[in-house]
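Chain lettering (A, B, C and D) follows the sequence in which the chains are written, and residue indices restart at 1 in each chain.
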Amino acid sequence: MTTDNKATMEPAKETARLEAFSDGVFAIAITLLILELQPPRLGQVSVSALLVGLAHLWPSYFAFLTSFGSILIMWVHHHAIFRLARKADAPLLFANGFLLLMVTIVPFPTAVVAQYLSTPAARAAAFFYAGIFFFLGLSFYVLLRVVLRQCTLSGPTIQRFRRGYRLGPPGYLIATLAAPLSAWVSLGICTLLWIYWGLMAMRLEPCEDDASAPR
Amino acid sequence: MTTDNKATMEPAKETARLEAFSDGVFAIAITLLILELQPPRLGQVSVSALLVGLAHLWPSYFAFLTSFGSILIMWVHHHAIFRLARKADAPLLFANGFLLLMVTIVPFPTAVVAQYLSTPAARAAAFFYAGIFFFLGLSFYVLLRVVLRQCTLSGPTIQRFRRGYRLGPPGYLIATLAAPLSAWVSLGICTLLWIYWGLMAMRLEPCEDDASAPR
Amino acid sequence: MTTDNKATMEPAKETARLEAFSDGVFAIAITLLILELQPPRLGQVSVSALLVGLAHLWPSYFAFLTSFGSILIMWVHHHAIFRLARKADAPLLFANGFLLLMVTIVPFPTAVVAQYLSTPAARAAAFFYAGIFFFLGLSFYVLLRVVLRQCTLSGPTIQRFRRGYRLGPPGYLIATLAAPLSAWVSLGICTLLWIYWGLMAMRLEPCEDDASAPR
Amino acid sequence: MTTDNKATMEPAKETARLEAFSDGVFAIAITLLILELQPPRLGQVSVSALLVGLAHLWPSYFAFLTSFGSILIMWVHHHAIFRLARKADAPLLFANGFLLLMVTIVPFPTAVVAQYLSTPAARAAAFFYAGIFFFLGLSFYVLLRVVLRQCTLSGPTIQRFRRGYRLGPPGYLIATLAAPLSAWVSLGICTLLWIYWGLMAMRLEPCEDDASAPR
């Protein structure tokens, strides 16, 4: 009985350090976003000038909020996917590495949008932002496929995962292609997508498939 | 007996990763504060000029210390609240996400205060700082309410929590409204509030309610 | 039996905090890399100017990607080496400290390459980058030797470790010496090396020696 | 027997999250040091100009290395002290908070030294650096005293702790007072101190007192 227990615990432990490392990267990437926000530089320093200066940073606030929301929801989903993972084999390491690469990149397109959303270059900034998130959506889809090859679970949660993640790459592709027409439509689609996955995450917890699966 | 034990351990484990992720965000946000402190740029480089330059950074030191103290005390309280949490359900995820959003924002108003506290725009900087902390106080109050809905504990600790956190939103609201009159009164209230919660935290530990609660 | 179990678990626990701390440093170093990437500053702000400006950052993208890949693979190897570690004694602490020193340095040569790869100073930047990675390769070799002195394991995995890591210092030395001739040959060797260790990492998992070793 | 075991494990668990949070702060502070190192800005971009520019950054390298060494050794000692801690009570929380405050500050005096060590303001920079480390030494001494009040251990390790830490505040005070005479003597003392504690750390492990103490 003890041996049995050890055998089933081992895989969980194997992915634990990978998950902890990923958590660290998520936590740092989400916190670094704030560094893009710098106090306004004022020509003339007064109470009203500072209030106006802070208000003029709205593209930075928007970029910060939508990137923060995206990374937070991605972290919740990453957690949900890793609960299905059985072993830290090479495909999982590489799929997870690709996803972490994309997550750490997020502060850069965020800074580009923050700096150029209120300028004539807004559409190029949105194009770049949505393009990066296309690869982010792709990396989640790849990670899910790698994990699902490890386990043979099926059920409503897995079906919801599949449907939800299949939406990512085409969704962000549309956002990218919409950018040359309108920066706001493009970034609006990006924002709707993480809100959608946020609502989806609400239904993933408490993950009944996982609990019912024989361990 | 083993099954029972597993059943009671599971919820604790469920919130463990959420707590570890939150800890990471707190640790990073508190350490990033120092990046706002930059060596003074001197017109003429000499021993006395550097000493004077370092002394002139006092608004930065004040802003750094009060933000550091606030985040540290908030971390202690976050820990205390999560000891009451029973499961990582959707409301907890979102309440905690809102709180983490506000925590990661802290370095930004800190930088604004550091840069403008010794200028004529001081009152606008204090208004912005206290306004952000109003939402921070609100997020703690929301998190406490969500957690208390999960468990039916009552007792002196819970009562102290309720009283202490109920103070947060109106306390910071007063600080925000006081800013147009005096930056120092506003920031003084913010400082007194985290010192108050610091003293409250001393009495929360070692948390007798938690220990006496049946597990 | 319980005593036995405790005795064998103790060493694992002793290195656990060292490993967790190292993981933190790896996670932060890999995420800080993105801070070197700054939005382009445009003379004239337009959609095409921003796209051209983003494209002109290719040396930064290359430097970011190769440093990200290097640190990620080094993390996987660090994990594999620490599975062999038996106790957190002074030699392990210092060998690991030397390695962490080199890992935290990586963002600096990365920034140098990002800034100067498309300039006439490219060869000096590559020389500096490869030179730092020479010490990084050396630190891994030293860590492996220290860990292998703790345990008397042998087998195909250990042999593969030895061969793979012995390649590090001379490999990066060649890259350093090649830099005065061609920046691209030098950085190309650095890139090939982490891809090589990446493929090697695929074969290290799931680490059959470790599993067969009596615990 | 199970109840007994739980009772003795509980205190360890209580300080575990405090220790993990502290580890996070140490790991971030040590990794943020590299951000002070910026690629040299060259008037004329050429291979030799970049090499000269990189060589001229030696004050930054020195400041980086001595701060890195200091934080790493402090982390090892923090670990050793916390192995003696029995419960996360209010005095421990505040002593640890004071220590973390000083640790997160380290990148700032490091940047000051990096920027001014090769200028006529060197002595002021060294004075500031050593002064900050005086409070750091003090915070370690306070933490040790708080922890020793929790447990009644005695033996060679405790004696070594006491002697070693009693050296901190006066050692850094001498370094601070020596700064007006010579920046190098001052920083040299700071460097010798962390090397001394590094050698002391070698003898603390594997901590025989701790092992012999009844658990």
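FYI, a contact is a pair of C-beta atoms (placed from the backbone, for glycine too) under 8 Å apart; a residue touches a chain by one contact, two chains touch by 3 or more.
Since this is a predicted model, take the numbers as computed values, not measurements.
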{"item": "Greatest separation from chain D - chain, by CA centre", "value": "A"}
{"item": "Same-site or different-site touching of chain A by its copy chain B, using the half cut", "value": "different"}
{"item": "Approximate Å spacing (C-alpha centroids) for the pair chain B, chain D", "value": "25"}
{"item": "Cα-centroid distance, chain B relative to chain C, in whole angstrom", "value": "35"}
{"item": "Residue numbers of chain D (touch at least two other chains)", "value": "20, 24, 28, 32, 35"}
{"item": "Full enumeration of touching chain pairs", "value": "A-B, A-C, B-D, C-D"}
{"item": "Contact footprint of chain B on chain A as seen in their complex", "value": "19-20, 23-24, 26-28, 30-35, 37-39, 42, 45-51, 54, 65, 68, 72, 75-76, 79, 198, 201-202, 205-206"}
{"item": "Residues on chain D engaged by chain B in the complex (per definition of touch)", "value": "14, 17, 20-21, 24-25, 28-29, 32, 35, 87-90, 93-94, 97, 100-101, 104-105, 107-108, 111-112, 115-116, 119-121, 123-125, 127-128"}
